[in-house]
Amino acid sequence: MDAKEIIARRVAIEIKAGMLVNLGIGLPSMVANFVPADRGVFFQAENGVIGLGARPPEGMQDPHLTDAGGGFVTAVPGAASIDSAMSFGLIRGGHLDMTVLGGLQVDELGHLANWKVPGKMVPGMGGAMDLVTGAAQVIVAMQHTARGEAKIVPRCTLPLTAQRRVNLIVTDLALIVPTDDGLVLRERAPGVTVDEIRAATGATLIVSHDIPEMQLA
Amino acid sequence: MKTALKPAAVAAMVPDGASLMIGGFMGVGTPERIIDALVARRAEGLTIIANDTAMPGRGIGKLVSAGCVARVITSHIGLNPETQAKMIAGEIEVELVPQGTLVERIRAGGVGLGGILTPTGLGTEVEEGKHVIEVQGCRYLLETPLKADFALISAYQADYAGNLCYMLTAHNFNPVMALAGAIVIAEAESIVPVGVIPPDAVKTPGVLVDHILERAM
Amino acid sequence: MDAKEIIARRVAIEIKAGMLVNLGIGLPSMVANFVPADRGVFFQAENGVIGLGARPPEGMQDPHLTDAGGGFVTAVPGAASIDSAMSFGLIRGGHLDMTVLGGLQVDELGHLANWKVPGKMVPGMGGAMDLVTGAAQVIVAMQHTARGEAKIVPRCTLPLTAQRRVNLIVTDLALIVPTDDGLVLRERAPGVTVDEIRAATGATLIVSHDIPEMQLA
Amino acid sequence: MKTALKPAAVAAMVPDGASLMIGGFMGVGTPERIIDALVARRAEGLTIIANDTAMPGRGIGKLVSAGCVARVITSHIGLNPETQAKMIAGEIEVELVPQGTLVERIRAGGVGLGGILTPTGLGTEVEEGKHVIEVQGCRYLLETPLKADFALISAYQADYAGNLCYMLTAHNFNPVMALAGAIVIAEAESIVPVGVIPPDAVKTPGVLVDHILERAM
């Protein structure tokens, strides 16, 4: 199992029946593959649909039905079209139960930076600031390190996405919960040791005696 | 009853230096034929208010590539490297706005509100230079209304009275922008007689629409 | 012709092709009877329809289609259903070309009071404050006096509906335009003299030599 | 999938003293069967947020007559003399709000805005005690968000997933209130299988709706 699949499978377990969930483009969108279709979960694509489905059959693609990354998608039975005002009304209004986003950095306060690298990459925040501000739960799904550098750091050096503390960090090495006391290590990825996680982490981790291995969907 | 205009007539109506709201999300739900006409008449110095600048060769990306654009107010330019390059070269001024804030600012302009208070952007770069107002014990950014000289709208169906309806994820910013342009021009895939779109299916009442683009044949 | 019909017929002349018009309940709603159906005017009922039509045929009444007074109405071809947010978005956003309302008092500043008589009648302002604040043109349609007392007064003694100057006052005696200089008498009702109008008016009227008689629709 | 509840079960869910948003305009688009159930269980001390209090014997008027109501936030009570009488007698506290402001305050509560700036009410009694904020050279009243413990919604159709659509002037406050109630209960004329309401016809996505009232047979 590759790093991305570990992350996607672990995040999928957090998604419960009846939730409204927004998955960011890239890695987070893989999470949907591991949520059983009969769990009654509605996925939102913030560009305008509640009830996002899988890729369409070949030849059935329609340019009026895409996800936030512009890729062709389908809609499940019971889907609803929404405009951008309703879409972000749901997000900012607390109606979105969970958002899963990628991250550039997360710090000991649980703050996320994921929209800008000054002088290098200025794509714009898109919907990320609203999602992190408004969603009931925010899960950061990312590789633990980038080119050998720690992404979990004492304080974000990149511009923040929001001042809100995220609820969960899921990486290919670990599951970490930001708390009032700091970052608490809760689970190890299969075959990964606590020392390996510590070595790949720039921030202080709070570690109790027994850290169980992740169960994966 | 509305006037049906040819693309060149629409382009001639939009002066250089005008501000345009243009519907669409990564090119989905964007009035492509109106954009082609603006490119053909070599429009200059436009201010574009839109969710994103799509990608080169598509939607607003065509205006960027053709050098028609002086300024963009948008949430995301990440999929259009030309916008980024022109921004860095100082050829295009880019104001980045969180997506949910952008749509609410446009709505505020359209429905006569003097502004809205949002938690999105608090504690980030977006807060810089903005008023922070406390309501019921929480802090919010005061975000101001946006209007434009023109709103260029993409719809699924228009009737002769200008009533519009939209399809799936091609709604996005279109219904809100139709409220906020001084002159509203709609490009629809079908133009149908009055009565074909039932009252409950109308998303943009015809009273908001000034002109309809002739249908592509 | 009775007093109300004179008022309704004179107001009807102000309603031009293509306008979106809101008529208040009571006397103002009579105006629609004198606007030719082929003039292409859309009437808004602020409770939720653009394209309000006449009374329905006997037995065809439906409880889902009423005007703001709760009476059964019809919808014209090309009508659109709107919710209250859109309805008042149109009103406050300047999309409503004209509103015709009743009045309790209008004063030399052109200020209208029409929603409350302290200690006597407190029905609530309903949509009146938004209508008078937001409509492009505000016409007050009312009887010139109430039980012999002047309703056109130097300064309103009743609570104001808005701080905006109304555009036109149409009564059973006169047509009056509020201006920077004060209330200008423009037309006399058929058979009414300027002296009779002055006697029935509590405010100072600006009167030029020749005051023509009203033309009625 | 939602739970279908019997009227008595809905009434039992709403405790005395709860705040309720109730859709409807002069009784059109009001969940009558839910109201009947609240009257039948002799609910007490309710706060009602609604456009108006209808008339005796209809909609919210039945709650007023039965003595269920302690407080009303509304734009109009003019057609219900009982509300006026109880207000004068000190039995019901009435907060009057301009209709367009009321719907925007409810929307703000539902979509996570901290407030909105409106010109409506400036220079009138409505301004008293409110913050006046200047934006782009114009003055506005800061109006604060409204939320409620319950939103009681009347719809034309509901599907098993809770998606709602509305008919003609029975939309009114219903779609906005469905955003702003902590618990949202919908009473629909028809309850249809998932898929019967197409995505583009859904006005309230099912994710906002907690319960559906059993259909009247």
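The letters A, B, C and D name the chains in turn, as written, and every chain counts its residues from 1.
The definition used in the following text is that contacts are C-beta pairs under 8 Å (C-beta built on N, C-alpha and C of every residue); 3 or more make two chains touch, one makes a residue touch a chain.
On a predicted model such as this, the values are computed, not experimentally measured, just so you know.
Trainee: Would you mind checking the shortest number of contact hops between subunit B and subunit D?
Mentor: 1
Trainee: Per the definition at the top, count C-beta pairs in contact and tell me whether B-C or A-B has more.
Mentor: If we tally the contacting C-beta pairs, A-B comes out ahead.
Trainee: Compare the CA centroid of subunit C with every other chain's and tell me the farthest one.
Mentor: For subunit C, the chain whose C-alpha mean is farthest off is A.
Trainee: What whole-Å value do you get for the distance between subunit B and subunit C if each is reduced to the mean of its CA atoms?
Mentor: The separation of the two C-alpha centroids amounts to 35 Å.
Trainee: CA centre of subunit C versus CA centre of subunit D: separation in Å?
Mentor: Distance between chain centres, rounded to whole Å: 29 Å.
Trainee: Between subunit A and subunit C, what is the gap in Å from one C-alpha centre to the other?
Mentor: Centre-to-centre distance between subunit A and subunit C: 55 Å.
Trainee: Could you list the positions in subunit B whose residues touch two or more of the other chains?
Mentor: 104, 107, 111-113, 118-119, 166-168, 199-200, in rising order.
Trainee: Listing for subunit C: what residues touch at least two other chains?
Mentor: Counting only residues that touch two or more other chains, subunit C contributes 49, 75, 81-82, 85, 88-89, 91-92, 134.
Trainee: May I ask you to sort the chain touch graph into line, ring, star, complete or other?
Mentor: other
Trainee: For this structure, enumerate the chain pairs that meet the touch criterion.
Mentor: Applying the touch criterion to every chain pair yields A-B, A-D, B-C, B-D, C-D.
Trainee: Which residues of subunit A touch subunit B in the complex?
Mentor: So the residues of subunit A in touch with subunit B come to 45-49, 62-70, 75, 81-85, 88-89, 91-92, 116, 122-130, 133-134, 159-163.
Trainee: Touching residues of subunit B toward subunit D in the complex: what are they?
Mentor: So the residues of subunit B touching subunit D come out as 104, 108, 111-119, 133, 135-136, 138-140, 142, 144-145, 165-168, 199-201.
Trainee: For subunit B, which residues count as touching subunit A in their complex?
Mentor: Within the complex, subunit B touches subunit A at residues 25-29, 51-52, 55, 74-79, 84, 87, 96, 98-101, 103-104, 107, 118-126, 156, 166-176, 203.
Trainee: Please output the residues of subunit D touching subunit A within their complex, sorted ascending.
Mentor: Checking each residue of subunit D against subunit A gives 1, 107, 110-113, 159-161, 163, 179, 194-195, 199-200, 202, 205-208.
Trainee: Can you list the subunit C residues touching subunit B in their complex?
Mentor: 20, 40, 42, 49-51, 75, 77-82, 85-86, 88-95, 134
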